[in-house]
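Consider the two complexes below, in which chain A is the common component and chain B and chain C are the respective partners.
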Partner chain A sequence: MGVMLKVNDLSVNYGHVKALKHANIEVESGKIVSIIGANGAGKSTMLRAISGLVKPATGNVEFMGSALPAKPSKIVAKGVVHVPEGRKTFSGLTIRDNLLVGGYLYKGKQLEENLEKQYKLFPILEERKNQFAGTLSGGEQQMLAVSRGLMSNPKIILLDEPSMGLAPIIVNQIYDLIRQIRDSGITVLLVEQNARKALGICDYAYVLENGIISLQGTGDELLRSDSVRKAYLGG
Partner chain B sequence: MALISNILTQVFITLIAVTGVYVLTGLTGMFSLGQAAFMAIGAYVSGLLVVKAGVPFVLAIIIAVVAAMGIGYLIGYPVVRLRRDYISLVTLGFGEAIAALLNRMTSLTGGASGFTGIPRKTTLIMAAISAIAVIALVAFFKTSKYGRQCIALRGDELAAKAMGINVTKIKMTTFIFSVALTAYSGCLYAFYMSYVDPSGFGWKKSADWVIMVFFGGVNSLSGSVIGAFILSALPQVLRGLANYRYVIYAVLVLLIINFKPTGLLGEWELTPKNIKQLFTKKKSVKNSHKEEGEG
Partner chain C sequence: MSIQIFINGLATGSVYALIATGFALIFNVLKFSNFSHGATMTAAAFVAYFLVSAKGLGLAPTLIIAALAGAAISLFGEFVGFRRITLNHSSPTYFFVSSITLGTLYEGLVTIKAGSNFYNFPQFFKSTTLSIGSFVVSTSDAMMFIISAVVLVILAYVISKTRIGRALRAVSFDRETAQLMGIDSTRTIQLAFIISGILAGVAGVFLGVNYTLYPSLGSLVVKGFIASVIGGLGSITGAVIGAVLLGITETILLATLGSGYSTIATFGIMLLFLLVRPQGIAGSNIQEKA
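Up next, the complex of A and B:
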């Protein structure tokens, strides 16, 4: 398995604030890679820079051997999809329409097939397909957001804090789902504050601190590392 | 009979303009307080072409709509890149500038005293067919892929961008589409009234249209159309009550906004399927409405 996504020397500035400073990460294909870190460490910024929502000040993103285009619309067409934090579902649309928006690259039969695939993975979404997305519970909205991302048939999915604000039992469901996504052959880049969960599931992980990658290793290595335990796992 | 036909023709012309506003505000969440300026452009350009240059009526309408779309592109280019609250400011300024320009260009437009002598070509049938065609076109647009993308970016622009939707392009297309509809209503208006003056195209008119859309339901095309129908017919029907009609108008709008903030119809659309559903399982429809209000 080769390296699918390579972030080289990536820096992002918001005005005077340097959110990300010369970060390098690699994501191997078919793996789950986690980025953990505290609030404001630059985790979401990393995903936004990869998906083209913010412009990097330095560095570039390589995807399957070539540089990613700059526009988000072209990046999705390449097979990189970003599910932003905070369960941003489109409340004015029904669940089915939310999914169709996600699959906008396809039409006709292919689109229907994608839809069926998502309904199989998330039966709850099929049950409620004609309801407006705003009527779903928090966990269901998160599932809808992930499912909507999968509608574009990505090669890699960028998940930003999928466990945010959810009950522990729902978080477990979401994590089972992330495993299923990986097992179906889609690479996952996961950003989390919930370090224990994120390190437990991943094949490889990075720790971001004030915009700098301070540590990296397999999930087990980081779980056992003293500094990670002190800073993120409560001793 | 002549009075009713007069009222209906004007109502249908307004419906076309308000459908244009619905496309912009209802689908993408952008507010234009200068939309009436595009109606003015449609009215003046088509009127001038026919009266001063002898261009045939239909061709004049086409040129006027295209001209308005061109101006819409110029003003839309910066506008769609702005945050939503700034969009209303810029369009407000643009609208007032157009009105001022029409006032000043006395030799061409007749200035504040108006532009007269436009032949009367718009009929009730023509206005009615145009309105129905425009509403059908917008209904089709709403359920199309583009309509879905519009509603998606209205709901959450960042998420829409992350999904790969080209937000700027979609907003621009919708803006120009809305401009074309409003300009077309302006053409019909000029050739119905046979007289236009700049005072009728200020921000008050644009704001009126926004009120109509919200009154009927900003998330529902049928709601916006019904809202426009009621609110544009009301002052005409109540003509006998002199200025009290505006009091009634205001009270009605306030009542709706207070007790049903999502408008008369909320997100409900008047489609055969939904009407059938309303009669078969009234309860479930009502429940889903309640929850929508919260979301």
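Up next, the complex of A and C:
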């Protein structure tokens, strides 16, 4: 299928703090690729650099063979959608409006079709479409955040800690959803602290440590790796 | 209380509502109080006065030119005064200083051009009063109320039902996340300034019609402030409710206490709100569950 997204020599600095140091990753089309690592390792920064929220100090991001534009809004239009850490639903907008904002790049009939598609995928969102997003539970908000991301018909979706703060049973639902998204033909780049879950689902994974890619391999390889087991899976 | 006073208050309140909503739009999107709003109103009203009304053209062209001028001035302010500090995520102090500086600049320019004289808009209507049944209403009051109401209804529709309105609300809530939806935040902020400028221009003309036109007319923006505080800062609906309440209260006080005490009383009401219910009437944000 080929490489869809390629991160080349990417560095990001926040003032004097070097959050990401010359990182390289590749995401193959149609796969789930995970990035695991501790808090502050640079995982979110990687996604923020890909979606244009932070400007890299070195390197670039290639998507389907050409460099991504600089503006976040233009990057979305290319089909790269970032579902941010902490869900970030628009709590004072209704669920329907949240989804419509997610599909901002579409108008009229196409927008309605996208909305129907999401309602079919997440019946609970249709049931509560006129409620404010802030009234949803954490798991439901995560569903909404993902669904809102899907509203713009992405080719690749970047998920930042989708399991954060959720009960195990809800985490399983979210992971089923991630598989479903991949099976529908959308490539997934998944960032997680929950290493066991992320390695269990992914086709390929990278370990990020202090802004440097320290290890990479298939999910199984990393699950068996001693250093990963010690550092991220509790021995 | 006579119905006349009530209708008068409603007209005053609807103009305050234009000011307060223009103010609230910018507060929502950039989280600062735009102190240049008042001078924008004055400058736009003066542009319309010199270009249109002084030449004997009617109310409609005056309002249109004032709205365009307001939008242009507001857009200029956004670019010169707020663009860089927005992109740099600067502290609110910069916005405060920048907006006060812009306001002083506009007022200064108007004073140079117009002197500290008072200008009267020409009589826009043949008859100064209208009879509705047994009531006699001032034509300019009726016209201010109707036009303001129409403008506010259009604004409410745009914000709640349209694609750009949703973008505006999304950017107001969370600029960064809105960008992840494909929304160009700079364009959306510009749009907020354009709408705010249009509201300022229309309000400026109405204030000029009501009180005559003079360079420091913009200080009446304080009524918009009070209305916003009463209604709940940042809430558009609250701003309208606050403005109408303020307009009616003020007119009643004016009729009973006279002009000196009524001005003091309106400030007293604002202070009371800050003391007892600082979030205002509508300012109850939805709590996130998770």
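By our rule, the second predicted complex is superposed on the first by the 235 of 235 C-alpha atoms of A that agree within 3 Å, B and C clash if a C-alpha of one lies under 4 Å from a C-alpha of the other, contacts with A are read in each partner's own complex, and residues count from 1 in each chain.
Here is the rule we go by: contacts are C-beta pairs under 8 Å (C-beta built on N, C-alpha and C of every residue); 3 or more make two chains touch, one makes a residue touch a chain.
Here the structure is a predicted model, which means the values were calculated and not measured.
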Quiz item: Once chain A from each complex is brought into register, does chain C clash with chain B or fit beside it?
Solution: clash
Quiz item: Which partner does A:V101 reach: the first (chain B), the second (chain C), both, or neither?
Solution: both
Practice problem: Would you sort A:T187 into first (chain B), second (chain C), both or neither based on which partner it touches? | Solution: neither
Exercise. Go through the superposed model and pick first if A:G138 touches only chain B, second if only chain C, both, or neither.
Key: second
Quiz item: Looking at the overlay, does A:S163 come into contact with chain B only (first), chain C only (second), both, or neither?
Solution: neither
Quiz prompt | Touched partner set for A:N114, first chain B, second chain C, both or neither | solution = neither
Quiz item: Just which bits of chain A does chain B share with chain C as contact spots?
Solution: 51, 53, 71-73, 76-77, 81-84, 88, 90-93, 97, 100-102, 104-105, 107, 132, 134-135, 148-149, 152
Self-check item: chain A partner contacts - residues on chain C that touch it in the complex
Solution: 163, 166-167, 169-170, 173-174, 176-185, 285-290
Quiz item: How about chain A: which of its residues touch chain B in the complex?
Solution: 51, 53, 71-77, 81-84, 88-93, 97-98, 100-102, 104-105, 107, 131-135, 145, 148-149, 152
Quiz prompt | Residues on chain B engaged by chain A in the complex (per definition of touch) | solution = 145, 148-149, 151-152, 154-156, 158-166, 219, 267, 288, 291-292, 294-295
Quiz prompt | Contact footprint of chain C on chain A as seen in their complex | solution = 51-53, 71-73, 76-77, 81-84, 88, 90-93, 97, 100-102, 104-105, 107, 132, 134-138, 141, 148-149, 151-152, 165
